[in-house]
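Pasting the structures in now, so scroll down.
Okay, so chain A shows up in both of these, paired with chain B first and chain C after.
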Partner chain A sequence: MEYSPSVLGQMLFTGALMGSIYGAVAMGFSLIFGVAKIVNFAHGGVVVWVMYGVLLAARSGVAHPYVAGLVAIPLCYWIGHGVQRTLMARVSAMSDDMQIIYTFGLLLVLTYMAQFFFGPDVHYLPTSGRSVEFGGVVLQAETIIAGALALGSALALHAFLSRTWLGKAIRASADNRRGAMLIGLDVTRLSRVAMALSFALAALAGTILITVTTFYPLRAFELAVLAFVIVVLGGMDNVFASFVAGVLIGMLEALGTLIFSPSIAQMAIYALIFAVLLVRPQGLLSRQATK
Partner chain B sequence: MKSTFWLPLLVVFTLMAASVPFWGSGYSINLLTQIFLFGFLAAAWNFMALTGLVSLGHAAFFGVGGYATAWIYLNGGANLVVGALTGMALAMFLAFVVYWMAFRSGLRGIYFSGLTLVLAEALRFAAINTPALGRSQGLELVSLHLPPYLLYGLTVALLLLTVAGTWWLLRSPLGYRLQAVRENEGAAEALGVHTFRVKLAATLLSAGLVAIGGALHAVLLRFVEPESDFGLSLSLNLLLGTFLGGTGTVLGPPIGILVLFGLREGIARLGELLALGSSGIYALQQVLYGAVLMLVVVALPDGLVTRVQRWWITSRGASAQTRPAAASPDSSRAAPAVRPAPPAAMSPQARLRDDSPSAANTPYLEVIDVSRSFRGITALTNVSFELCRGEILGLIGPNGAGKTTMFNVISGIFPAQRGEVRFKGERLSALAPHQVCHRGVARTFQIVQPFAALTVLENALIGALARHARIAEAREAALAALAQVDLHAKRDLPATSLTLQDRKMLEFARALATGPELILLDEVMAGLNESEKSQIADKILEIRDTGVSFLLVEHNMRAVMQLSDRIVVLDHGKVVATGLPSEIAHDPGVISVYLGRSLAHAPVSRAA
Partner chain C sequence: MQKDQDSIGQNDRQNIRRAVLKGGAVAAGAAFVPQFAKAATEIPIGVVVGLTGAAADYGRDALRAFQLVADRVNRSGGIKSLGGATIKLLVADHQSDLRVASSETERLITRENVLGILGWAASGPARVGSEVSERYQVASIDTSVDYKLTERGLKYFYRAAINTRQTCERGVEFVQEMEKTQGAAVRRVAIVHEDLAYGTGAGDLFKAAIERVGRWQLVDRVAYTAAKLTEASGIVNKLKAQNVDVVFQASYPADGILIQRAMKQLRLNLVANVHPAGAPPNLQYVGNLKDDANYVITTLGWTPSMAEKLPAGAKATVDEYTKRHNVAVQDQAGYSLSAAAAMVAALSQISSLDRAALWQAIDKIDVTFGQDPNVIIPFGIKWDEKHDNSKAQPVVTQILGQQLAVVSPKELASHAPVVPAPAWDKRG
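Moving on, here comes the complex of A and B:
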């Protein structure tokens, strides 16, 4: 088979844009892992619930998906705050293993609640049909907007974490929880802010995901594993690297799909992560040295 | 004795299970087969959990077993047994390769769990991609006819065997070693446990058994399919059953599975009443599983069986005092062997040493030109010293001088980058910690690290297993070691109930139980008061008189000066002085780098 440059370009661009959405999902996962040391597999469940919320709003004609997203993001921010106060309050003190089990439990609850209420069927939103073409590459309007929003959120989050006092405090407590406590940072409150931000990112990711892909309840599992995979690739506690790793995974997936098939692409990604975990568990993009 | 309690239970269970075919309906037989099958699977998963590692990917081995059975049945002459055994072999090979690499790179916690998760997912997509395996449709075992009750009988037998196997394993040397690894891998390694091999053994056993379960499942349902065989739900169900019942317990995993199936059936009945439909019922069941998982973590982290055991013991009150709750199953059998061995029995090569250090002048421990750095930061530079047989050598120096690094190099935790360590002429520097222990060099840790879930005796037993293959002999040696440090009376208490002094003594006893010729003591006196310190000092001298040598890192100057025959002073990773305590105390160089002026007034009673 021959691949014309335009097909290749098409796939790579679409892959990168999809990947940046994956990156947005993974950033939320990475943020809460870094700060509160919670491995939150339930993250995928949150994304899927946002997708159902946006779907219902759009289907019933209440709001355009983007408008619904604008409501979902602050709403999820406060829900995240509340979740960290209640459901997750004791989780950071648990061992790794207990955390994983706990958040997997929450993921099961969220996923199958969605299946119970909305059924196992595949849903999607009709696209606007508008597209942009340049140099033989045709991109759907929604995909471009989604990529732009994801990139924007990554840059905004990066700026927040590196420029603002609150962001620096969050990074400090991610770096060294005890040290942060000792210099008077309220780590509990920072964890709540981080969880709230993580939920807000999940809301953003859910909103833009629903405009470009199909979904169903078990998508929550796939997103949870995907977020984990991306975060491993980027380095467990580096938020911006997670975004970059997301883009990489998206491009890899697109290439694999083009050359082989979607499921071979998935398998290749898992094989890659498998190797990364064994050879460089601190992440490919992390500058941290091995312990 | 516990075994007399189990036996009737086992007989009753077997009789009941055997009677079901005479009165049970087809539905109940089928349900029981599934319960027993999953009980067996959870018990197999439990072997892995005994190492303290959580696998989210046992579906990988389950699926390999199922797919191998189905494929061989369809393509290779319909032989199910060959299929199941091939599946088991494949799964164990896969487990060997994956875990070998994972343990080599030291993956723990989320990284290990994530690796297992990714393994199962990769295999799921591999199955979806392979035409010979039916892609996402899977394989169907068409025209399969089995004698009635064959599968039922098989699952009953496998469940009984695995439960009995767990019971036996927990009482075997391997079982004790596994518990030590779970509680504290570093300490286990230092006590001569080949942790790598122990972990690999448990995980291979677990993977092989789960593959057999996968084969049975394939035959029971007459199909294999990527999602149900390699999917996350299967791994999570096994995990949930095991945690609910109690990880590391004998009966916990099957009991957890039983409770889960009870909940599942309950939801199914409720769903039928409410006319939810099968999809709704399934969703509700999974929601409940998730909720139970969360609840178990928060409210019941040790599991039902452990909780009931603890309740049973406390409700029996004072009579149970000697049988601590968290104790692992064996402490009752320890009771008969109350016979403090004479200290002289400790060391086969025991001899009273000549009081002057120069008399035993043969090189014993030799540290030759050892260097070690960490990412450019030099911890040790060309360190050389010798320790003679029967000597107590003090290793001192200010914080960061490299004392603990030196200990870690000798005990095999870090290799030396240059130079070598020899013990009785044999190179230690290339050996792993457990090998160093087997050569007769034991150590204690600065921060005491008892195996928390084990009793005092079991703690010492782990050490004794380094030179005794049989539990009974190891127990004798452990009791002798405990007698030497006056912990004999507390042998059945949980290690966590000890005071700091007793914990230090327990560290000591564990090291002694390995039958060492040289003991490295890392700040054994830190945190103790004066009378406790002098008790420890007396013990050290007493044990030295049985022929054991000591290398001592200690911050307590008074003690070092009194105990040591000779002293080596380290500063910034270099040896700055070596000599008798009296010489060291007055060495102006030493005083200037480290000791300050006050040492000139320290008592130097043992110095010549």
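Moving on, here comes the complex of A and C:
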């Protein structure tokens, strides 16, 4: 089958925009792994809880989803701070296995609490119906805004981590925790800031996701797996690489769907992850060698 | 009045208990009799449905229907052939989990000594649960829709619901009818389905039915991973690139909503989008898509709008259900009312609490629509050689004004079909 330029363009633009959104979901997951060395599966649960919060605000007429997101982001930042002080305080002292069990347990708690409070039903916010068209490509306004917000947040986070003192301190703590302590950095405080930022990124991801997709409590598991897969592909220690890996997965998914089928595209992504783990376990985009 | 009924019921139960104790002494050597003799005033019927998990919507609807029929029978003096014994429903939640479906079915059979089973209201749990009931030779009447369930040659398993073979084949037939009556030009068709049992089975059935038509070109069969779609413009873009006229689709609500939204976004104008039940009858589909759900066609056994054309007795059942549970009678509830009615009809044919006797009675069931007010789905219940309900006939519905309206057959139709569906930019 031959594909017209408009069909290919549609797939590539949609894939890149959706991939940016996937990247936004994964950045918070990557950040907390990089700094606190915690594989935080509960991240998917936080994203879904934010989606419910935004849904309630939007459906009750209290606030537009983006306005609700503006409230959710700082709120989640402080919740993340509190979570690192309390629930996560002892996690860094646990073994890697126990950490995974602990955060997976938190994911279960968040998912089933969402099911208890909101029921198992599917939710979806109606779209504005506005779209942008060029050369036979139709892009929905919400998808463009979501992709742009995801890209903006990735660039802002990258600038924060590479240009500010606090960002550099977080990276130093991620690269060498013991060294950071020796030069007088308060790694406990830095972990709290990283967790707070991770929660804020989850809030951003939840806000943009709700404008483009359906969701229900069990979506938390899929998001946790998606974030994990993207971070493995990009490199566990590089936040911006996670964003790029998200875009890569979005485009692979789009092209795989067009050329083969959605099921085969999904399978190909997991096959790619498996290949990356075998050949380059530090991730495709990571500059660090495997220890 | 209620008190009188209760006291009458108590006397009856005492008399029955005495009779059964006498009988029990005579038959003390029989293995099963002592177990049932203790509960002779009650007929233990197992109900295994999903009250939690992914199939909870269907399980709750099924249980509501079973309870309504059992309560009606018990209020009217129980099962006459069993001396007025009342039906006791022993309910287990399979949690939409195959392992739990198996263990709970076994528990009801071995520990609660149920005489028969009503369930499972979800194809996956039905597949494993029915294997267990078959092993123990306990008759079961199911309300799941996967056509493969009755293709396993099970002796003790019956299905009251419409199955996907019937709904898929009716969907393809309906499009052929629309070609003739509405002048709809159909050349290129595609199948879109999720990749679990329901979607894959429906995809196979659609493919076979389309091949039998012969003159349509099946340009693509798109399978996607169920409940994993984040957006569906990839699928729809692919269909658009192939200029499809009709899409035959089998989706669950979360994916169905995304695909329909992408059809609007990319303005995929179709002659018809046909589903075998699946997403469109689910309240979440129209609830989320609103007017964007309009003109989607779905073939199923029951939709609440059919209540308007029911005979008085069946209409009273629908009204009682709605009043009692404060929800409309959805298709799963309709199938479950039929399943419970079949079980009651079989119980009325036996004179002892014997599993083999119940199985034989179920096997001979022939309930005519209009005779039993508990049966609201046209056109009654009778099993074919596979133990499917040969009297069940799917209706074709179309979402019009955000409501599922019956458009075929004529005797049940409330609206004329709108085929081809209006182009997206011509919709209000």
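The rule is short, and it goes like this: the second predicted complex is superposed on the first by the 289 of 291 C-alpha atoms of A that agree within 3 Å, B and C clash if a C-alpha of one lies under 4 Å from a C-alpha of the other, contacts with A are read in each partner's own complex, and residues count from 1 in each chain.
Criterion: a contact is a pair of C-beta atoms (placed from the backbone, for glycine too) under 8 Å apart; a residue touches a chain by one contact, two chains touch by 3 or more.
Computed from a predicted structure; not experimentally measured.
Trainee: In the superposed model built on chain A, check whether chain B and chain C fit or clash.
Mentor: When both complexes are placed onto chain A, chain B and chain C end up clashing with one another.
Trainee: For A:242, decide between first (touching chain B), second (touching chain C), both and neither.
Mentor: Touch partners of A:242: none, neither chain B nor chain C.
Trainee: Please indicate which partner A:90 is in contact with in the superposed arrangement: first for chain B, second for chain C, both, or neither.
Mentor: First partner only.
Trainee: Tell me the contact category for A:120 with respect to chain B and chain C: first, second, both or neither.
Mentor: In the superposed model, A:120 contacts both chain B and chain C.
Trainee: I'd like to know which partner A:105 touches here: chain B for first, chain C for second, both or neither.
Mentor: After superposition on chain A, A:105 lies in contact with chain B alone.
Trainee: Taking the superposition on A as described, I'd like to know which of chain B and chain C A:15 touches: first, second, both or neither.
Mentor: So A:15 only meets chain C here.
Trainee: Check the residue A:30 against both partner chains and state whether it touches chain B (first), chain C (second), both, or neither.
Mentor: Neither partner.
Trainee: By the touch definition at the top of the document, which applies to A:258: first (chain B), second (chain C), both, or neither?
Mentor: Touch status of A:258: second partner only.
Trainee: Quick check on the superposed pair: does A:266 touch chain B, chain C, both, or neither? Answer first, second, both or neither.
Mentor: Both chain B and chain C are touched by A:266.
Trainee: Between chain B and chain C, whom does A:173 touch in the aligned arrangement: first, second, both, or neither?
Mentor: A:173 contacts neither chain B nor chain C.
Trainee: Hey, which part of chain B ends up inside chain C in the overlay, 22-30, 400-408, 436-444 or 472-480?
Mentor: The answer is stretch 22-30.
Trainee: What part of chain A is shared between its chain B contacts and its chain C contacts?
Mentor: 120, 261, 263, 266.
Trainee: Considering only the defined contacts, which chain A positions touch chain C in the complex?
Mentor: Touching chain C from chain A are residues 1, 3-4, 7, 10-11, 14-15, 18, 21-22, 120-124, 126-127, 131, 138, 140, 143, 209, 212-216, 218, 222, 253-254, 257-258, 261-263, 265-266.
Trainee: Which residues of chain B touch chain A in the complex?
Mentor: 54, 56, 101-102, 105, 107-111, 113-115, 117-119, 121-122, 125-126, 128-129, 232, 236, 239, 243, 279-280, 282-287, 289-294, 296-298, 301, 375
Trainee: Please output the residues of chain C touching chain A within their complex, sorted ascending.
Mentor: 53-54, 56-57, 195, 222-225, 227-231, 233-235, 237-238, 240-242, 253-255, 257-258, 261, 265-267, 284, 288-290, 292
Trainee: Quick one: in the complex, what on chain A touches chain B?
Mentor: For this pair, the touching residues of chain A are 39, 90, 94-102, 104-113, 115-116, 119-120, 217, 221, 225, 228-229, 232, 236, 261, 263-264, 266-267, 270-271, 273-274, 277-279, 281, 289.
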